[in-house]
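What follows is a pair of complexes built around chain A, which joins chain B in one and chain C in the other.
Presenting the complex of A and B:
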């Protein structure tokens, strides 16, 4: 468990800013406890200080996971968010998409969201902005990237892709062993 | 008769001087004639030993040697230049070797790699037919060099090469470069096998150095300014070479001290810097935004228009006209707008 280097912190926050914008501050400064980002085996964990202290008693080789895994740094140095980060992305999300119950399954199997499946979209959503995908009953299903801005969505044809799939809660089953 | 008696007496005297050839033993000895070894399994006579140990051992050794020699004489003999020869059978006893088993020669870096990859050495023929010269040319040696000289009497100048460059000299340099590289690698292998640390040197000829070497060279060269490369611009996607801190000016292999400021404060600074980035002008974004405001304004105008009852503005929207629109006058005004 080590602290993220400045360079990596920057990459991580730039990625998070795409989804939650200025709400990152809320992740860093929380009223309940001190939370921090730690790195192990290229994976980034979001941990509270007391849990981190307890984790130091475990040998790093034997430590599988601490706190919440936010994602991992790829070999080329990019940061990839994991579905486990959804718990923190969903409440702070800037741009949201609600999908119809008929399109839910399609999305949960790893497909993009088309205009036909789009139930609702938050206003002022920009093109290629990170979006969090909700079901119509406000259950966070995953996240992705907006393929069109909100205005463009209105005039798009029903088969056009509205949101590129990045991660969904189906991954908890599909790629169980890769998540950690 | 006296003479005969005398001779007989002499010979018996003579034979009395020596011990008999035949030796009686309770148990047969075990022989390994290949190593001239005889093992006596008979009991050790403690009485005789305690009386005179030296004499007892001497006699025992003589008897056993006699038996061994008897056994040797049983083997087929032959005479070579007036000497009687015996061919010993192969030895049965395994003897431990005096010196430790020699270690196998350590593999060179290439051999190790080839073994891992399963690359096998191909045997090249010593002579090969040269179609151009119409003769057999050896793989190496002075005849090969002669043939090369004969063959390469003229060299082509590559398309984008300097026309004044000496191509023959270039070839020669490349060859010597290759030879010295091989020699360097040989020395490096020796050093590696003897666990000697070889000091690093810069990069050699850029034409033969690897991408890794070049990357290291860039990193070092950039740091080799008066300000230790502090003001050197970074290229797009430039990656710094690893493991060159020992020869990079100003770089230290030590881990940097964690800053004293609390972590969340540092993180906050980074977040601020990211959020306060001046957005660059994105044409697509600007157009989209303008479109949005336009439609908003239009919509509001349309609303005003419908309240006044003008039909012209209503048709301007790019919405599909619905057939039943004219009849549904009841819902005009209040309620949420549905899309």
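Presenting the complex of A and C:
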């Protein structure tokens, strides 16, 4: 467990900002306890300070996970968000889309969201902004990138993609092996 | 049960007249019975000749008499004309006389009857019985002087009646000596009927006796000889039948046993059959037979074949049970609360969607977990802000339950030795939203080295042989051996001691250890607890579960601690959950 370097912290926060914008502050300055980001084997964990301290008693080789894993740094130095971060992304998300129940299954199998499957979209969503995908019953299903802005969506034809798929909760069973 | 399909509806084929039209026909009697009452028999040529002779004689006789009467009449006395007869048989004689005159039909019948003594001795001498017929009473002789001495004739017929009554009925049929005037008590058909009834009664009695004999034979179970045991493979049905019989014998051994075989013979036969029928290996079956009574054993084996109902646990970190139930019902799932003892469990009876792949499942609103897995966590009763260790956590069902009860406060250490299975823990924790966890991959026995006296509570769901979850993993039936069990309980003892060493006895809220296994064998349960009670300053406390069978105080040669009744056992046949064992210990000092 080690602190993130300046550079990596910047990359991580830039990435998170795409989805939750200024709400990153909420993640770092919490009223209940001090939470921090820690890195181990290129994975980034978000965990409270007291738990972190206790986790240090376990040898790093044997430590599998602490708190919540947000994602990992790729070999090329980019940050990739994992589906496991959804718990924190969903409540703070800036741009949300809701998909119809008919399109739910499609998305959960890793497909993009088309205009036909789009149930609702939050206003003033920009193109290529990070979006969190919800079902019509407000169940967070995953996240992705808006392929069109909100205004463009209105005029798009039904088969046009409105959201590129990045990650969905189907991965919990599709790829449990490499969640981390 | 659905309604029966009527594939042939509308095609009603009438099969003759209805039920009511089928009237019973008039009875048909065999000719023998009704025969010669009214119609005369055709006579054989011999008989015809004799008849002729007789007629001639009679006419001669009549002429003689007439001439006699004429003589008497000439004497001038007024006398009733009477043949020289006895008064009693008067009418009879006259009848026969008339019939003789009419056309000689009757004499044929009377003729055969003659059996008595026809000479002058007949007044006092009577035939003894049918068989002892004297020479003078032969038919030929009768025939010859029958009518010459009419009085004899009649007398004889009377005696004959008596005789025929005494004699057997076959005679009755043969010689139709039916005489409507004298034979007034029974018709021959009635006699026959009475006889038949008697016969039937006897047959019935015989049948009854035979039946009784059969029943007593059936109950008696015959021990198979070794020869036929070795060379004929039996069908499962036969094996099952024999299992039942042997159990019946063993349950009333004194009365039903066969004297050549001891109880151990019967038991070993039963064991063999059970091994064949349920495909266990002999070792495990022997263990189970030592553990259960025979009747209970069968129930246990039977219910071990059947899967337990699918249960799910609501993740209270993300949703409530009522909301979850509603959401699932909307997806076409048929479910019910698991019971009063749990507020988070639901039983799934049927589902139109796979329960492990609904959006609710993926969003972490519930997880699939056996009902028995709720129990150790409920016994542990974790509190908020505690430090809790789950020593063998994979796949994280119980550990996430602990986290849910703690409401994501405090810290939860989830440990498992197996690196492949620990991935499931990671997946489940993130899916269910457990954020207070530290997931490690360590040997549980090493925990006291790094963090002694650190935890408030420890849950040890120890690795075991899995004899309680045979339905889930049938390979247990054949793969386990004495050495496996020995390895298991050695490891369990070490783990339990390590777990106790990790717990802080001075903790303000805790100091508890819960030990559980999914095995039913006392070696892996009570014995392990007993060992820990001797080695560490711990005591058994009530699990707080409120149901379950009490743990054993003694098992075969083993005698356990008297507080062992505070532990709880769960059986598939009794509680409809996997076989399970839960014990709760409290630590009293950190030495």
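The rule is simple: the second predicted complex is superposed on the first by the 180 of 180 C-alpha atoms of A that agree within 3 Å, B and C clash if a C-alpha of one lies under 4 Å from a C-alpha of the other, contacts with A are read in each partner's own complex, and residues count from 1 in each chain.
Operating definition for what follows: a contact is a pair of C-beta atoms (placed from the backbone, for glycine too) under 8 Å apart; a residue touches a chain by one contact, two chains touch by 3 or more.
Keep in mind it's a predicted model, so treat the numbers as computed, not measured.
Room for both chain B and chain C is found when the two structures are superposed via chain A, with no clash between them.
Touched residues of chain A were counted for both chain B and chain C, and C has more of them.
Contact with neither chain B nor chain C is seen for A:116 once the two complexes are overlaid on the shared chain.
Once the two complexes are laid over each other on the shared chain, residue contacts for A:108 go to chain C alone; chain B is not touched. Of the two partner chains, neither chain B nor chain C is touched by A:161. Of the two partner chains placed by superposition, only chain B is touched by A:151; chain C is not.
Applying the stated contact rule after C-alpha superposition, one finds that A:11 touches neither chain B nor chain C. Within the superposed three-chain model, A:50 lies in touch with chain C and out of touch with chain B [touch as defined at top].
In the superposition on chain A, A:67 contacts chain C only, with no contact to chain B.
Of all C-alpha pairs spanning chain B and chain C in the superposed arrangement, the closest lie 19 Å apart. By the touch rule above, chain A contacts chain B in their complex via residues 3, 6, 9-10, 13-14, 17, 21-22, 24-25, 28-29, 34, 36-37, 124, 126-127, 149-152, 154-155.
For chain A in complex with chain C, the touching residues are 47-48, 50-51, 54-55, 57-59, 62-69, 83-84, 87, 104, 108, 135, 137, 139-141, 169-170, 172-173, 176-177, 179-180.
In the complex of the two chains, the chain C residues touching chain A come out as 327, 356-357, 359-360, 362-363, 387, 411, 413, 422-427, 429-431, 433, 435-442, 450-451.
On chain B, the positions that touch chain A within their shared complex are 258, 263-264, 266-268, 270-271, 274-275, 284-285, 288, 291-292, 295, 318, 339.
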